[in-house]
């Protein structure tokens, strides 16, 4: 009954196999090896973006912060939800990598609305050099509260950004879970929907620690072995190195991503995680539980009396509390449960059975 | 005949095995798992430093830049060799992580002398707020030109730093190769010799991508699960996260380091690499070759006519040129050869035989 | 009828006289001249803080950003009102000078309440290294919407900061106007009320461009000619120089401040500005005008129909619109009027007469 | 006998008069006043650069650091002399404003040679993303050791920069002294000689604290009241504000510069300072004094026995020692003497007479 995080599960066995296969003989470092080159091609093919620049980094925070640093000068501001990972969980990494840009929080929920986004953008930059200038819009799909934007919602948000000529960053730490839920292709959920730089997460979906960043600017594509000519791509490469995020033994990042792409493993793993979350939602039906996540993929927030939370924890269920566990027995507190690819169906049944008995 | 870099070889099989063993069930993220805690204890034991704060990061540049950021305020300067990796090969990462500190280059070779270091430190900070202030001394052991400082030389350098009350950072990307060469313990080559923050490299010696950083400040040791109370340790933790360098699936960094420590694998691997370099030096004896590295461990710089370099390259030897390959046949150019743990003795023999025939 | 800003009026004649008097012969630079030393003593005396470190800088943004940089590490967050100058009007200067810290906006008005501040502080730093850490509380007195915090309100806010062990910065760009309004001494409105670093503004109150910063930490006081030993004071000095804000011909900053202090000119000038604003409020009484500023000193926000605004502007009244002037005649828009020390009483009468006729 | 610095003398009386004249009535802030606009036009006319963007800042460090920040991304390096003010005297301000760029020191004297500059540039950027990239060339005219580059030397340096496609920054803190010495126009010594961004210093030549920055990029010219469209000009404006260097009461900067330009006061003041230095050189002729400055304008470095230095200081001569005063009587130490516009001829005679007696 381990629902603490999707970074808590093991790595998919295909990934370990790929690491072992990549571990033969010598290879040039820093991405100049054949496997790294091949994976970049495979990512371009998957995203139907033959001219995209493609980079692998080890953490989601790295993927986000580097992307924003390329899009946002230090005297500008990023528009994002107050629940965004870039605001809540990265210890000022975006501020660090951008050289001191600001984050403007849009609305008061995890899901930005076009109206709130438009009002927020319109409210900035009426003060000339007293600034800040308007910078990129950052969208998290799926959100940190577990909601999946529909394609219509996604396009509406990027549409507002385009009204103001602003670029769009997609924090796709759980891109796979969202795309599987929506039944869309990576291209459909990224550049075809108006995204300029997309993070295609792997770490939360069965890899050890690899995220791909795709810069869709036509002709951004970097040649290997030298600094890219395209401004965005060049900035990404130089900022990645300067951020101490360029792996010398790059083939081991590439091997993980190669396994992730082969036979659409990323879809398979995300499908498993989503299925467990569906099972969880089914199990909660008929019970006196208030769901806080409306369009779930593999995360679920819901409310229970603290007495029940305490009993579940005591019985061995591992999950995060969004409110403190301390409080009267009959007071309500919100929990966050995350299903990862490796979670067995039995763990979910055990949890919902336990919960049913406890209520 | 692959001598291009020690980040080009494969990972030691014990490391892959350890990753597979660590890949069981769920574990808390960000270092709050039992394996990560155990590895920190093991590193403290190896370095005979029970109170040290210990951190794992994925790249050598990360280890260096974070260490310097903890030791050097933005209005100070780091003293280092002009050949230092932090100056030549990190795309301004130290400047980035320190928030804009300066690097003061000491002398004109890869090996700093106590005299040059003292003169350089004395020359700074006679100008009050016109600054910069004096910051840490950074020593690279072994150096980027392949030389090992003797224990006497090392202590003389840290002694100069202590004269001025300055902290000492040791860039130990090849710590293992140097310690094996000198026949000393990790404690002897670090805090017992006056080092305050030590990088214990693994990536160049058979790991996928892990470096340990040890902060020897008594009581720096961080408790898990919260920010450390010690200033240096707290800064390291927060700057690591802010730099996007904290792994969520931290157990896979820990597993690599655990394998590295078990049965002193790090010594075994470094010993193999050093032995190949010894073999190379032996093979060059009697040939008309000018060595540029005087106290080698696993790197060797030497001079040959460009004609010979061209023949060696054409015959399949892979190594870096420190000067351009372009030039008259009989002009001299310097090569850099690196021996990694996986290099077979036959590759060295083949190279020296080829060279003997070519000269 | 010029109400656009308190940085639009002329400099007090006493200030020009002081500049002329200071313009004799040679003097050492960078603050090592007798006049600069004397002014620092005079400021310590005025604030009854013999051990305070005292610095002069040319702009209010400089005073704020340097103060915050000394109090807030880059992985922390500053608590302030969403209307604060540091958030709205400094083009990310606090983010720049702190090296990428964040600003956490407290409540939704210009005046923070103790409850909102406590809730905001409590909400941060429950996430360990995922940060940010809690940083200083920044209070603007008087606020950007023209309100003066009472002494009780001020002490309540600093009290909340002290509950959490956080330092307090006072943005006193209009310190004089607030102190005169409240009838309190500089000491009462700063360190006696729990302020740790105070900006004592001059630019908006008759100087050309000088703000004093007082660091009340006991023994912060800097000796001249060398870097201060106290950490906060040393940081201020070095960051001021690094920010290009240390004047070589420092005596001309000192001369302005000397004139400001002599015979309490600062009180006299602020009293004049406040009196004009009182006159304005009196003139609005009985008219159909909705005041938006409740505890005014020298700024006033109020609502009028756009038709009236347009007539006032056409008749030569100069003031800022807080809402767009565009809109139906009978729609309401908020204006900002600022009274500076030089504003003649006739200008106010002319304005209120005009308004009375227009309504 | 005050030779300590050209920032030690008084302000020219015309400047005080101009300040008094500007001190009438209300004016819009931040440069949107008629006088500021006029001065920008006058500077464009003086430099024969009708499309240049022109900015006033209060310190030389501000002028340099902002200029470099516009020309140098954080992953690049600035080429300059090891004696450059930006390296020696700005407490890492260039590193701060560029966001962590590096300074590459060219040669080992105050005067860069084309050969040393070419070698230095060629030596960088052979390492791709391991960086740093090549950034701007910064030239100081006259140099910090008092030497004036001839027009041929200046053009040779900018020519090397152009070979590599690099922009050129001119640190002209003593621009006037150099231009008067060479008998050239501002245009000849800036854009006509290949300079892209020029600092036209005033603070060391009779102003209180104003430097003009000219960006010669065609069409860089900024319209008032909004952010410039040209990238360089926009960056300068936003970085100036973000650096807390935009004056609200901008008319008082403009008034100083207006006085400086009127009737070529800048030439007159520089001519006086240079004449005093010529007088000093004449006075030293025939004495046993080794000059260290070969092409002087208003600064002179020369060697004397420490006994003589001590006697001169005891007799009331005020000047800086470049070496310590401590040492045997007959040992040699270098002095720096600076002549400012206000230095009376008698002070020079008194000094040289004293020296003649002492030798």
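Letters are used for the chains, namely A, B, C and D, taken in the order the chains are written, and counting of residues starts over at 1 for each.
Please note the rule applied: a contact is a pair of C-beta atoms (placed from the backbone, for glycine too) under 8 Å apart; a residue touches a chain by one contact, two chains touch by 3 or more.
The structure displayed is predicted, hence computed values, not measured ones.
Undergrad: Please tell me whether B-D or C-D has the greater number of C-beta pairs in contact.
TA: Of B-D and C-D, it is C-D that has more C-beta pairs in contact.
Undergrad: So which chain is farthest from subunit D, going by the mean of the CA atoms in each chain?
TA: Checked the centroid distances; the maximum from subunit D is A.
Undergrad: Taking the mean of the CA coordinates per chain, how far is subunit B from subunit D in Å?
TA: Comparing mean C-alpha positions, subunit D is 41 Å from subunit B.
Undergrad: In angstrom, rounded to a whole number, how far apart do the mean CA points of subunit C and subunit D lie?
TA: For subunit C versus subunit D, the centre distance works out to 33 Å.
Undergrad: Do you know which subunit B residues sit against two or more other chains?
TA: 74-75, 90-92, 96, 99-100, 129-131, 238, 241-242, 246
Undergrad: Across the complex, what residues on subunit A touch subunit C?
TA: Per the stated touch rule, the residues are 74-77, 88-92, 95-96, 98-103, 105, 127, 129-132.
Undergrad: For a test of understanding, state which residues of subunit B touch subunit C in their complex under the given definition.
TA: Of all residues in subunit B, those touching subunit C are 30, 73-75, 99-100, 128-131, 133, 225-227, 235, 237-242, 246.
Undergrad: In the complex formed with subunit D, which residues of subunit C make contact?
TA: 2, 4-5, 7-11, 13, 16, 19-20, 23-29, 57-62, 64-66, 90-93, 96-97, 203-204, 208-209, 238, 241-249, 252, 318, 340, 342
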